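Please find one structure pasted underneath; my questions will follow.
Every chain is named by a letter (A, B and C) in the order it is written, and numbering of its residues begins at 1.
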Amino acid sequence: MKAVLLSFALAAVASVALITVFLVSSGLPAIGKIGLLEFIIGKRWASTAKDPGFGILPFILSSLYAATCSILIGSPIGLLCALYLSKAASKRTRAVISTLVDLLSGIPSVVFGLVGMMVLVPGIKQLFNLSDGSSLLSAIIVLSIMVLPTIVKVSTTALDAVPREYEDSSLALGASQVQTWLGVSIPAARNGIAASLVLGAGRAIGEAMAVMMVSGNAANMPSLFQSVRFLTTAIASEMSYSSGLQRQALFSIALVLYVFIMIMNMALSWLVKRSAS
Amino acid sequence: MNAFTIKDLCLWYGSMQALKSISMNIEANSITSLIGPSGCGKSTFLKTLNRMNDLVEGVQITGSVLYSDKDIYAPEVDVNMLRKRIGMVFQKPTPFAMSVYDNVAYGPRTHGVKSRAELDIIVQDAMLRAAVWDELKDRLKKPALALSGGQQQRLCIARALAVDPEVLLMDEPTSALDPISTSKVEELITSLKQSFTILIVTHNMQQAVRVSDSTAFFLLGQMIEHGPAERVFSYPRDKRTEDYITGRFG
Amino acid sequence: MTRGFQKAFKAMMISSSILVGSIAVFIFAYVMIKGIGGISWSFLSASPSYLENRIGILPDILNTLYVLLTTLAIVLVIGVASAIYLSEYAESKKLARLVQGASQILSGIPSIIYGLVGMLFFCQILGFRTSLLAGSMTLVIMCLPTIMKTTQESLEAVREGYRESSFALGAGKWRTVRSVVLPCAADGIVSGCILCIGRILGESAALLFTAGLAHSVNGYLEGMSSSGATLTVALYVYAKEQGEFQAAFPIATILLVLALAVNLSASAVGKRLSRGRS
């Protein structure tokens, strides 16, 4: 029995190995042909042109830009909300808001995309007087909303874990509640809070469908009001009709995305380890 | 002179009454110990004196607590200033995740002291009075969580002293410590008597006899008996007090 | 810190929380209002036809159901078995750490990458072609960490005394696990399943290239071996590629109602779980 169970337990390890091997082996050939530098810092992506260009710098920068901005927008809102839920809200309010946060996290990304397409894109078009509202800005707003539940839930857990006595000690010294939260609770929960941000950033970089529906999908360098393409959407938008070097290059993009995610993963497990000790 | 005058103090957590009509006076510059079995309300009582119970959801308090002849539950009272005057030390040492120095400086900084020179003086003074200066003066920049339990607790006392309080409320301050650290903390408490009014909750009868001037016995939310420690322990007037201190329940 | 700042800070905390809550409410309300009118019996029970200019989502509903059942059945076996191994049998700490690390990595990988690798491995190398089976297998890998984690947590929460009393009666290890430990962990396994159902219902990027986009009504076996769109993929295709919003919103409404149901049952099981353990 033990051997059978062991073989099942190795499924997770095998899956990671499988994914890594496939991405590396199918992603490297195109990088070899195009040239690593040309691929990573090339600004022109024209995979089906007569004189094809395979530079993915616009995708990399757009992805980083969107992830950073969505965390910058999402984290103050998410952290303030987490602080309220963990420290200030009555039990009832907390139950209501956290149910809504759970609901938000359960919404499929295509639904975010749909609502973004119908509400956000026309809204931005009108507000900024653009010819098309499908832009980096709409993607950033959609992602900011999508990372909120992660930030709120993980940070709330971290803030809940701060021993009550620590906060009481600060209050007993005459510090106000706000002073106590900022001076004692948040520093004590900082690793968990940082983990929530890294987790959120990972979600933002990896999201494909929702941003594909609101960002217009043109391979421009990132600019707030222009249509852009991300690492994820570059793969999704061409995969179905790709062939030859173009197809191989899409796998190379996936490899680059995988490397980004692995870096975030390492940052995350480092943070988790630190908060445990 | 009385530091606290407490009259008909009742406290409910929701529908559960935790304190039942407590009236007592607490003398300034003396050590009062509060004894009684677990759940008898002595910690709850202690926390009404610096209004730490305010933060619990569903708490209701009636009666009056006068400190220096002023009602601390009056609407115009600034709770944070009150807590600055009435310091508190907790059961488990609670050093914040900062350096030793920053721990002691946390209170003064909170109340607006910014100058480094001034902070240096306050920190040194508080640590001297808490008898940890000699041990820790070379480790001021080290994280406070790396200290031993006894050192942590005395550091927490130093932290409480650094905001220059008039009263120290101590909630079983030695129950998490080993015997040697306990005796150090007890020594410290006795030496602090000249400058502070001290209330100490303890489960340890010997400790109550050793350190306190007067003792109050609590049972099921009521204050049964209050008097000079020696008298209460030698000639308890109430049968229930006698049963408790002779170890018949608790 | 001035009093004004503190007041403002508290006000910001409250308004942020209200903002987060109202975003959720807005999305639900908006989708429901736009979509509920489009849900009719014929919409649910027909397949789409260009000839008759008709949109129906019966094939998408069936495809979703097939994928859901297949994925759950497979991931449950693998996930629960792995969790049992890790919490009851594993002697080597190193191996346990390796498996756990792998499962943590899996939970962070974006679905588009699952889609790609699924396409390469299941569709091409194993020869499943673009089919619901390939899609399900891809989702199995994706859901594996969730089931493993919840099952392992609830196995570890089972009191040691249960195992010892069973051993003391002379029961072997496997018998103890099977008849004493596992039933105690049932709630955790169920809550893992619910989380996976949510994830499967909401997934689109991983299915786009593995399960495909077809809308035809099939029986189970035939369906598994042919290409088909689940509800989420159908929503994407209708909204983005065809601009058929009178189909997209009703599907979105159905998806949100399902998400709500998943959520409610998860919290119901969660409540039972915490009550059972305290």
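Everything below uses one rule, namely that contacts are C-beta pairs under 8 Å (C-beta built on N, C-alpha and C of every residue); 3 or more make two chains touch, one makes a residue touch a chain.
All figures in this text were calculated on a predicted structure; none of them were measured in a lab.
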Work out per-chain C-alpha centres and flag the one nearest the whole-protein C-alpha centre.
-> A
Looking at CA centres, what chain is most distant from chain C?
-> B
How many Å are there between the centre of chain B and the centre of chain C, using C-alpha atoms for each centre?
-> 52
How far is the middle of chain A from the middle of chain B, if each middle is the mean of its Cα atoms, in Å?
-> 48
Would you kindly tell me how far, in whole Å, the mean C-alpha position of chain C lies from that of chain A?
-> 19
Residue numbers in chain B touching 2 or more other chains?
-> 110
At which residue positions does chain C touch at least two other chains?
-> 1
What positions in chain A touch 2 or more of the other chains?
-> 176-177, 179
Chain A partner contacts - residues on chain B that touch it in the complex = 50, 52, 55, 57, 80-85, 87-88, 90-92, 94, 96-98, 106-107, 110-111, 156, 159-160, 163, 169
Residue set of chain A touching chain C in the complex reads 1-2, 4-6, 8-13, 15-16, 18-19, 22-23, 26, 76-78, 80-81, 83-85, 88-89, 93, 96-97, 99-104, 106-115, 117-119, 145, 148, 152, 176-179, 202, 205-209, 212-213, 232, 235-236, 239-240, 250-251, 254, 257-258, 261-262, 264-265, 268-269
Going by the contact rule at the top, pick out the chain C residues touching chain A in the complex.
-> 1, 5-6, 9-10, 12-14, 16-17, 19-21, 23-25, 27-28, 30-31, 34, 77-78, 81-82, 84-86, 89-90, 95, 98-99, 101-106, 108-117, 119-121, 141, 144-145, 148, 173-174, 198, 201-205, 208-209, 232-233, 235-236, 239-240, 245, 248-249, 252, 255-256, 259-260, 262-263, 266-267
Hey, which residues of chain A end up touching chain B in the complex?
-> 90-91, 163, 165-166, 168-177, 179, 183-184, 187-188
